[in-house]
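Each of the next two complexes has chain A plus one more chain, namely chain B in the first and chain C in the second.
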Partner chain A sequence: MTNAMLAISDTQLATNVLFYTLAAGVALSALAVVLSRNIVRTALFLLFTLGGVAGLYFLLNAEFLAAVQLVVYAGGTLILIIFGVMLTSKAPGMKFEPKAIEVLVAAITGTIMLVALLAGIISTRGYAGHPAEIVRQPLDWGTSQYPVSDLGQALLGDYLLPFELASVLLLVVMIGAAFLAKGRRRRSGREDKV
Partner chain B sequence: MIWACAISSSPALPLADGLGQTLVFKDLLGWTAAPWWAKLAWDLAVIAGVFGGLLSVIAMFCIWWERKVAGHMQCRPGPNRVGPIGIFQSAADGLKLMLKEDLLPKDADKWMFRFAPYMAFAPVFAAFVVLPFGPEFVFEPRLAVGIFYILAVLSVEIMGVIMAGWASNSKWAIYGAMREACQMVSYEIPLGISIIVGVMAAGTLNMVRLGNLQAGGIHTWLIFRNPFTFAAFFAYFVASLASNKRAPFDLPESESELVAGFHTEYSGLRFSFFFFAEYAAMFVVGGIQATLFLGAWNDPFGIIGYFHAKFADGNHDLQLLVLNAVASGIFVTKAMVIIFAQMWMRWTLPRPRIDQVLYACVKVLLPLSCCLLLGASLWGLVVGSRAGVPWVDYQPFSWADWRAVPVALATQIILVLIGLGGLTAIALWVGYAFITGRNLKQRLTDPADIISRIDQTGPVIT
Partner chain C sequence: MTLTLATVCIPPVGLYHYLILAAFVFVCGLLTILLKRNAIGILMGVELILNAANINLAAFNRYAHGGLPGFPSLDGQVFALFVIVLAAAEAAIALAIFLNFYNNIASIDVERGKELRG
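So, the complex of A and B:
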């Protein structure tokens, strides 16, 4: 054992083990998302990926972000995707059958993304540091100084304009969706009468 | 055991460094000497042992109780063969389900079919980690986003149901799963907003802090803080019925149209996992409601809060243990009362159509909860309420401490009176029916009477 290894405390070691376990789970399920041909299985593996990322957030003390990740992506977006698949696919066992050219395009895009991400990670390595080195501030839950309240202050204070712009965008999307859904129903209603 | 864990991390004592900050990986007994993997294994064993056992007992009791309630509401005794008043019926059923054949449909997605019950069960299990049974009887008291975390893990539960419906490769199951998807996703919004109304009155998401804030007697409970939390209590109840797929919102498993909905193809132990998940989820949403609105583990007179404030100095561990035991009794009772209300609804109301269910959500419950949110925020701006923890920051029964917010105090007292009045009216109604003999005998129609009527007019066929 070298001195450097001895310097790592139990906590850091445990955090490391948990981090790499979760990260491996995320990576494996992400691979499964890409390689699986059955669309609902894909969604299931996506759930594991998103859940694993939420676990990483928990490990890094970003509790609010982890909960948001679960609610918005695992509990909301993913369910909507599945719902859309179930409503639109004609054959229940809808499968992906990609053409050779699609696989090629996907591989090229994926490689570019991978290189870009790796470059980003390597260039910022000096700032973020090793996961175990991230400082853990103990939560003083007896007072009202919660990270959540700080987040709320920031969203409705310093970052009010982007926040409001995002909400306006969502409103536009919602109105558009409502309009599209309404238009289709009216047409089918007329056909029924004839 | 939980007590020991929670005491070691209670604010009076120094917080364990490091792992104690994470969610399920918390350092339980403060063993600084033990290797990290031992601590982790211990944590997981406690979670599995204590919460697994607790969850099973609660689910089995609720299943038996539901059948009893259903029986009495339908003028029959319900299960009464196994043990006194049939109390061991659930255990016998459990044994039967374990011994039953585990059927797997030929064309099912086999791997997903086998996995789905666990997927439905695990999130409910995870929610127990932050449920506050007492001021120190909490597995993870420091999770700052406590109530939001429960909401988050419960939202993943839908996935198990959808997977079960999809993997079964059956029409009924897939219809059930689709209904489940649209129903749960829509009702999550009013559910979340009505929780926010309560959270806004408290100013925290932490479950333990929510409980501590309501320690000063019934008038400090969040349901009575302002008129909007009072209404949000009922909005939350309706939304939680729907998100738990409880009747009248049990469209995903409506047996009159879909055989059994998403679990049509399941049998044996896998079927019982869905059952357990449903009843455990009822307890969790009941627990949230009790924590957020009904004062968590606190009694209506603030006695527990008073003694907790006295004993929480680190020198009264035995007293705290007794106090926590009593507190968890109160908490479980409150959750059970809410579960009884859920059962009451189930056996009273007919099941609406799916479009009516969605109408009720999008056009009634959602605008209502948005109005409540708006009202509650205006109330917080204009009137405000007494901030701080009762008995620690202020004396809940002394006028001097309330003088700064007279309107808030008056509202709270009026709302308490309204709430108690409603409860008394129900109690009087039931008591009147009981005393005057409008019980089982009179509600049952005499068969001889029916036969004579049929003889006179002939059978009526419509």
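So, the complex of A and C:
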């Protein structure tokens, strides 16, 4: 009995340490995204946040989601954003200082939002339909099956229509982005001739 | 004994820990949108908000709505995957628009958008 309890608390301890480390990293780098004035540093802290969130997905047994987060988000979207930073600023260290009134409004909005969200989350603790014990332990998914196969079944089964719509959307986005970028170049070329 | 002491001192990680972290990340994204005047900074705030939503989706999938033993239902993870796809599409289009904006106005400051008509 004590041995089993000790083994459980051992894995719980590992989960706790991992979670709190990752959560502190995610929270601090998300805060740094807000506070940093240099857009390149902001992009770097966003990279840390995305990596930490990928670690949280690993903790939540969402391995495929974590891999997609690293490949698509940290590897693709963030590179695109850094490209945008480099293309749109002559001096990458360019700074925009917010006005004092903007900082005040943002602080009030953020405080209200955080307090409201936390109050909403905490108020569900004693909700009759969902006793707090349910959400303390992760669900038992069994060890025989590898969840990523179920993910594939879901994507090509129940979610086939959204899956195909997403592929159509990506095609439209590709054409749209190419069109917008091309129109920009043509206009600048015409200005050069004049 | 030390292990049990540590687990007593630190409560086991559950759904609420993830929800509180996601709420914090969401507020950080909101503040980023409100405070940045660089259009790309605002896009980064949107990415933070989408990540907060994704943490919630994955956490609910793991703790509250995930099917039965041996038959996991991964709706939350599928939703999170679609959110990642949409975020990538949104970033691509937004950056193309920002490039046009920068080309026309020679600045990435969103305050300069006041000069636009319509």
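Methods note: the second predicted complex is superposed on the first by the 134 of 194 C-alpha atoms of A that agree within 3 Å, B and C clash if a C-alpha of one lies under 4 Å from a C-alpha of the other, contacts with A are read in each partner's own complex, and residues count from 1 in each chain.
Convention: a contact is a pair of C-beta atoms (placed from the backbone, for glycine too) under 8 Å apart; a residue touches a chain by one contact, two chains touch by 3 or more.
Here the structure is a predicted model, which is why all the values come from computation and not from measurement.
Visitor: Touching A:21 in the superposition: chain B (first), chain C (second), both, neither?
Guide: Neither partner.
Visitor: Which chain, chain B or chain C, ends up touching more residues of chain A in the combined arrangement?
Guide: Counted on chain A, the partner with more touching residues turns out to be C.
Visitor: Based on the superposed arrangement, let me know which partner A:47 touches: chain B (first), chain C (second), both, or neither?
Guide: In the superposition, A:47 touches chain B alone.
Visitor: Overlap the chain B and chain C contact sets on chain A and report the shared residues.
Guide: Of chain A, residues 9-10, 12-13, 15, 59, 61, 64, 68-69, 76, 80, 83, 87, 136, 138-139, 141-142, 144, 147 contact chain B in one complex and chain C in the other.
Visitor: What residues of chain A sit close enough to touch chain B in their complex?
Guide: Going by the criterion above, the answer is residues 9-15, 17-18, 38, 40-41, 44, 47, 51, 54, 58-59, 61, 63-64, 66-71, 74-76, 78-80, 82-83, 86-87, 92, 136, 138-139, 141-142, 144, 146-149.
Visitor: Can you check the complex and tell me which residues of chain C touch chain A?
Guide: 3-4, 6-7, 10, 12-21, 23-32, 34-41, 43-45, 47-48, 51, 54-55, 58-59, 61-64, 66-67, 69-70, 72-75, 77-78, 80-82, 84-89, 91-93, 95-100, 102-103, 108-109
Visitor: Where on chain B does chain A make contact in their complex?
Guide: Counting only chain B, the residues touching chain A are 11, 15, 17-19, 21-23, 25, 35-37, 39-40, 109, 112, 141-145, 148-149, 151-153, 155-156, 158-159, 162-163, 166, 169, 174, 177-178, 181-182, 184-185, 188, 203-206, 208-209.
Visitor: For a test of understanding, state which residues of chain A touch chain C in their complex under the given definition.
Guide: For this pair, the touching residues of chain A are 5-6, 9-10, 12-13, 15-16, 19-20, 23, 26-27, 30-31, 33-34, 39, 42-43, 46, 49-50, 53, 56-57, 59-62, 64-65, 68-69, 72-73, 76-77, 80-81, 83-85, 87-89, 94, 96, 98, 102-103, 105-107, 109-110, 113-114, 117-118, 121-122, 125, 130, 134-142, 144-145, 147, 150-151, 154-155, 159, 162, 166, 169-170, 173-174, 176-177, 180-181, 183-184, 187-188.
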